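The data blocks that follow each hold one structure.
In the two complexes that follow, chain A is the common piece, with chain B as its partner first and chain C second.
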Partner chain A sequence: MMPVSPFRIFFQTGAWMVTAFLVLPLLVVIPVSLTDTSYIGLPKEHLSLQHYANYFASPDWLKATWTSIWIGTIVATCATVLGTSFAIGCWFLSDRASAIARWVLITPILVPPVVQSLGFYRFWVKLGLIDTSTGVILAHTLLALPYVSISVFAALANLDRNIPRAARSLGASVRQTVMAVIVPAARPGMLTGFVFAFIVSFDEIVGVLFITVRRVTTLPKQIWEGIQDNIDPTIASVATLLVILTLIVTAIGALRRS
Partner chain B sequence: MPRLGEKTQYWLLVLPALAIMIAFYIVPVLGIWQISVTEPASGFGNFAKAAQSNAVKTSFVLTFRVAAVTTVGCVLLGYIVAYAISNYAGRLTPLMLALVILPFWVSVLIRSFSWIVLLGRSGLVNDSLRGAGLIDSPLRLMHNEFGVLVAMIHVMLPFAILPMLTNMRGIPDAYVKAARGLGASEWTAFRQVYFPQTLPGVMSGALLVFVLSLGFYVTPALLGGGRVLMISEYITYQIQEFLAWGLGSALSVILLIATALVLLIAARFVNLRNALLERK
Partner chain C sequence: MTTPILSVSNAVKRYGDVHALDHVSQDIADGEFLTLLGPSGSGKTTLLSAIAGFITLDEGRIALRDTDITRQPPEHRDFGMVFQGYALFPTMTVRDNVAFPLKVRKRPAAEIRARVDECLDLVQMGQYADRMPSQLSGGQQQRVALARALSFHPQVLLLDEPLSALDKKLRADLQWELKALHDRLGVTFIYVTHDQEEALSMSDRIVILKDGKIQQDGKPGELYNRPVNSFVADFLGKSNFIDVTVTGAEGDLLHCEAKGASFPAIASENGPRSGQARAALRPERLRLAAPGEEFLPARVRQVSYLGERCQVIVTHDTLGDLLVSCPTWKTDITPAPDLPVSIGWDRDACVLLAPE
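So, the complex of A and B:
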């Protein structure tokens, strides 16, 4: 075996330290969620599930969770349909105009959240969409579109342009070619896009703070208000549930790949 | 069928998404420009007010400083991780990759909350230090720039790592091997042969982190506790507390222009197409 150089030691230890910095802070919510106190802190005398019980007994928390789930699902569906169609059209065109269209579609990634939320607020007031789920769905669909279009476009990057050409020359219409040839090739990108879109909506906070008042409350808004008003450990139990869910999904994804 | 008809059909696929994006996103954002020169009175009064205000100046300086420090921190820390993942094939490398991507899927709100739990007055860090008898009174770890920076670096780090990883994976190891074979030390081969090839990845990571940090709201607002007013929070404050829509919009326009300028300058060093449009 080669002697291990200081160079290598530096990079390997360093990398593990940075990885610990990334992951460990996510785990601190776990002990805090099990605290027997009524404030944020480590368990004093024994572990307690009272804050989980609190979450599952609270109509406010459950309703916010459910709102986030169904809004996220509708947003992901709309964004995937619109974004896939957009990316496929641009892939066929591949000209200057379609490149500009693709830049237009990714502006929500670059515009600061507060600025776009001000825009939404003023416009939604005119449209009467303030504090409605339709308003939230529309805003979130717009914010999710860039991610769907980017991932579908990436999936199509390796598709041979002669394949749709062959389909067309054999008499398939544009519609048939898209449905039978392009969509199957785009499917992995659509799936990634769907997941991204759901998460964009599920995690979005700044827009929701501006365009909703009382009637519509999503999970992030409930968490935000919880942090602002009085930090109680229920937030830690919600955070723990979300972190564990993420861990499980990531682990399943990693296992399926290997 | 005529050629034009075919092209029109492709545009019909593009149009629905493009149309809603323009009607419900681009138009509202442009509306902010309009508000900035019409409320409360027509003209550039809001911009003059913004230019004269010391609070605005302080906030912009703070915003650029926080964004710059966050970017440097993320690139340095991220480079080490990206390098180790791409160059040391070990049994644990896939695990490290999974752990690096994991925080990406946990919302910024939850990650900021974790830092509040850690850094608060009676947070876990202060509690443990006091328990160990190292300090008598709690340290001020958040509601200041330090807390904001630590949490910002944590939140932004994956955005720096991923472009660098994509870039490093595309670098063939033949060059470094050749340099080593010709007698270069490990460090020299890294510095003169490997590092220059990673610059595109470093640049796109840095750009992404810097642009996102400039407009960041959630983490500075939660960890800053009203004492670290970055420009996004300053705008919200103007509008929610003083209903100063004109000034808030003018500041938004300035922030948008600043972001655009950063992108324009970056376009000289970074392939924006690869960094933004075609990122994996």
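So, the complex of A and C:
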């Protein structure tokens, strides 16, 4: 038998510990969601699906979920269109100005969310966008843009610079060149960007707390309020559903790639 | 010459203080295989890009037959173009790539299909029609690019170093094929390269550029045998350079003296006919013989065996080192370092150059 090197033991143990550190807090919501108590805690006597039933019976929860889904979809669409146009434009120019523009566009990732949300708040008050879906969509689109443009940039990184020239010499106008040649090459990046943009919007809480009051409630805000008002285990069932949904989507993605 | 298909007059393109094109004028005949040859930065690619319509000239004019196309966008020029990196559309099959120019021209589907098949057969890529470009080798991709650039019957085909990315053997094969394709289709080819062998082997005419200026243009043989200046003499093939004094003339033949040796040389177009000048002498025009048989005594310094030919550096007492290239299959002497020899050349081997 091969002697096991101490390095190997060290790194293997480390890897498993990091995995456990990442995954265990996620998994703990599962037993909590199945609790038979009416407060957040582990099951006392038996497992119960009552909090799942509660989620599906509650108009507030369902409305918040639906709000998050449709806002997320619009945000993902807007961010994909804008981010892709931006990335393709920069790819075409590929000069100093476009390099600077790329850096400016990713600042939403670099600025702390609280600072940014404060900015949204001050600005949205002036524009009368507070507590409107439009306000949330605008803010989320801004936050999601960098993810789209970065993934489209990555998709175009290896595209031959002469390809637009080739297309034009073959008789295609600039518009035809972009639509028939560049956009198809950018498509994998657009798809990734769309998914990211949706997740950014679906997940976002700080901004929503700053710029909405009563009329607009997204799922993260509903969860947040659920924790504040009462310690309702429905939160755990919602979280579990989200974890399962994410796993399914990731698995489909992984299977399609292999 | 009949009316040229393409006519470039006084083309100027500046990038900052650098003249990429410095008052270049050139007429290109219909059906010609013209090569723009030069080192990098000579302006050859700039000239091709201006003809293609990718860059706008600062001054000058480009005309297609009688139409001024200086400011016409590339998609209206009807010139096919082939690039060094192939530039195939990665998301389309081979068939769709070749069909692209016909689709943007809204040709009927049946016609497109027939024409695509015809073009793919022309470059022997018919069996690969449904592959993606990434599944093809470099040579195959370039064939597809060629079929794509020819599918819409372009008036002129522009080729920007199309073979540079391929390995040597494939390059040689494709040179033959390109030449055959040109002869068969009769389309005007404008070919950019920095490779002098490529230029010599395929072109009807070569234009040599340096620093944005045309140095010389002519048939490959003319350029090779009658270079006008030392740049051309050295860039197209190899040359020995000898500084001489012209002592007399007899028609096109000039009598030259150089440090004790005297020999005839040919005057080049616009070249000097008297006084101090520089002469170029091709290595293969030099003859190597036993001592006393030729008119200059010399000694072998170094030998490099290349298979079909043998490169020999010989040293003459006053003229210095001269490169001799002699066939290995026909030698009276076997050159070896320190061997005393004699060297000579024909009366028309030496060309007097104009100053650059």
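Operating definition for what follows: the second predicted complex is superposed on the first by the 256 of 258 C-alpha atoms of A that agree within 3 Å, B and C clash if a C-alpha of one lies under 4 Å from a C-alpha of the other, contacts with A are read in each partner's own complex, and residues count from 1 in each chain.
Going forward, contacts are C-beta pairs under 8 Å (C-beta built on N, C-alpha and C of every residue); 3 or more make two chains touch, one makes a residue touch a chain.
Since this is a predicted model, take the numbers as computed values, not measurements.
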item	value
First (chain B), second (chain C), both or neither touched by A:P25	first
Chain B versus chain C as contact partner of A:V125, first or second or both or neither	neither
First, second, both or neither for A:I252, with chain B first and chain C second	neither
Partner chain in contact with A:V181 - chain B first, chain C second, else both or neither	second
Partner chain(s) touched by A:R165 [first = chain B, second = chain C, both, neither]	second
Winner by number of chain A residues touched, once chain B and chain C are compared	B
Chain A residues touching chain B - in the complex, by the definition given at the top	5, 7-8, 11-12, 14-16, 18-19, 21-23, 25-26, 28-29, 32, 39-42, 82-83, 85-86, 88-90, 92-93, 98, 101-116, 118-120, 122-123, 138, 141-142, 145, 149-150, 153-154, 157, 174-175, 178, 199, 202-203, 205-206, 220, 223-224, 227, 231, 235-236, 239, 242-243, 246-247, 249-251, 254, 258
Touching residues (chain side chain C, partner chain A) in the complex	52-54, 73-75, 77-81, 83-92, 100-101, 104-105, 145, 148-149, 152, 158
Interface residues, chain B side, partner chain A - complex	6-7, 9-18, 20-22, 24-32, 35, 77-78, 80-81, 83-85, 87-88, 94, 96, 98-103, 105-111, 113-118, 120, 122-124, 127, 154, 157-158, 186-187, 190, 211, 214-218, 222, 232-233, 235-236, 239, 248-249, 252, 255-256, 259, 263, 276-280
Interface residues, chain A side, partner chain C - complex	159-160, 162-163, 165-173, 176, 180-181, 184-185, 187
